[in-house]
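By letter and in written order, the chains are A, B, C, D, E and F; residue numbering begins at 1 in each of them.
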């Protein structure tokens, strides 16, 4: 796995465990509800993850962007679709979103490299 | 047309005319590019307008929300789909988005009333 | 009731009813969780409402400010305490919070006038 | 005076008096420091007011925008200069600043109408 | 001292010295006023630091969160109280505050480890 | 070149190339328009870069701050002028801008060290 994604996963998993281990109902229910919001319903998970990505970009939350980039990639969002989401984010949120788009593209490259390595392994 | 939508349209049209009448290239190009970002491409206009709506909700821009509610409604976004977008916005952006969701629902009611009146007229 | 508070209550109640009438689990659970976050626990409801107020002020959400001003007033927050909360909000959030502090003080005056009218009535 | 500016001045003056009448040192010193930040130094008041205006636009604070539009107008900022400030705000802050630019232009029209009326009176 | 806190203290101290060494009255007075806002008055320093913490969380400022976590810990805020503050921040500010809550919990663990090490040393 | 500036330039250049290599018209036009907004017109590039800097500070975008610090330095903005811009940013945006001002001052020190080294080399 790429360095950027690896560091993200490790810290996220470690801290989520610590947070959910603490007996606070509001915090635990919020984490649970956060997962439910992206389940398919009238809208598909793919569309909902794209909504989560554009919201994270305009709010300029790098960890949230990384998370939704991974989810969107798993839902089959293509490079062209990613760039159209970036276009909407840039127009709505302005040039202050550019550094976050740069880091999103770096995440995209890691995701594509992972997928290519995985396909090469399957072919071997 | 509903009161809320009517006031929105009038002020928006009047001021956009004044803004675009001024000879400033950056401002005019930005307005032009804003329109292009929602044109269909790899993603449909419907998906792009939903992206614009969720971005406007989490950034808590009422005029932007009103604009994208109208566009989404024209693209055929249903009440169930609107509420799933509101759900993502509430989770990502928190309870400070609630007042904007309230006003979005008020806009939705005006849009549905308009559509019903228009259908009744067509039937007559 | 003061004009500002009256308009706030009417629109809030009307729209919350419409929102909760729609069968969307994420939206309804979020509204429910929003209520639970201010229930007394390790911290009193008074402290939690003050936390909600300062968060609403720095995020510059007038409807949220109005709501938490009412809740804080009901929890017995005094004028001196309110101004110390405003002081923290101004320092943390800067001069862009000033217009929201102005409107918070207008709400405070309505709340104090209501309380005075209610006491006068009880004395009569 | 135009309706928009008149309502702004009246509420601002009334609430500032109430706020400063309360004996809270942090709040009073913050208001005082807010005034000092725009006094001429290494940079002129004109430049500082333009900095205040662009900051208010990207933070999307209408009352702050109105205040700095008035101050900039008094410092001799021209219509062309205002539109270049709007251009920077649109690029940095994105399309969510558009509604605030619209209201800034409405304020500009009132300021120009006032100035024209004042000149006509002087000529009479 | 933990690595996270150590790096925070060193950069903060070094840069604050450089900033305050420059002869700019507004900047120096702002830093001074920032300190005054958390002094006990009608509200205790403990409550004010909790207000500072929740404001920093919803505004998603990691350095501010780290600073107020330390101050709150020194004022005796317990783990249960911290989690209730996190609960309010999550509800008000949404899932974009989650990464900041994760880092706040990492700071809390360092603060608790320091306190435990300090008690062990006193007992020896 | 200083370490902070060097890392900034390398990542920025690498990612901008990747972004502009992708055939997305909205994204490319936005990047182009971003450059045009700071070209001299009714206002000088120096004033426009100062506008860009204060906007970046109050929106708390470190990469944007670094970029505009470099541009301002190239336009001849002095240390006293930088601190007056920081003063406006602190007042408008509050104490949450302090960490960004700290990092801006660290950038300023690197820029001044570079300029001093360059002058020493020219003298040799």
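Following the convention adopted for this analysis, a contact is a pair of C-beta atoms (placed from the backbone, for glycine too) under 8 Å apart; a residue touches a chain by one contact, two chains touch by 3 or more.
For reference, the UniProt names are A, B, C, D, E, F = Alkylhydroperoxidase like protein, AhpD family.
The shown structure was predicted, so the numbers you read here are calculated from the model rather than taken from an experiment.
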item: From the options C-D, B-F or A-D, the pair that copies B-D, where over half of the contact pairs coincide; value: C-D
item: C-F or A-B - the one linked by more C-beta pairs in contact; value: A-B
item: Chain centre separation in whole Å, for chain F relative to chain D (CA means); value: 25
item: Distance from the mean Cα position of chain C to that of chain A, given in whole angstrom; value: 34
item: Distance from chain C to chain B - Cα centre to Cα centre, in angstrom; value: 28
item: Sequence positions of chain E contacting 2 or more other chains; value: 26, 30, 33-34, 37, 56, 58-59, 64, 80, 83-84, 87, 90-93, 95-96
item: Residues of chain E that touch chain A when the two form their complex; value: 60, 79-80, 83-84, 86-87, 90-91, 95-96, 98-99, 101-103, 105-106, 109
item: Residues on chain F engaged by chain D in the complex (per definition of touch); value: 33-34, 37-38, 41-43, 47-48, 50-52, 54-56, 58-59, 64, 78, 80-81, 83-85, 87-93
item: Touch list for chain D against partner chain E, complex; value: 25-26, 29-30, 33, 36-37
item: Complex contact set, residues of chain D against chain C; value: 11-12, 15-16, 18-19, 22, 24, 26-27, 30-31, 34, 56, 59, 61-64
item: Chain D partner contacts - residues on chain A that touch it in the complex; value: 58, 90-97
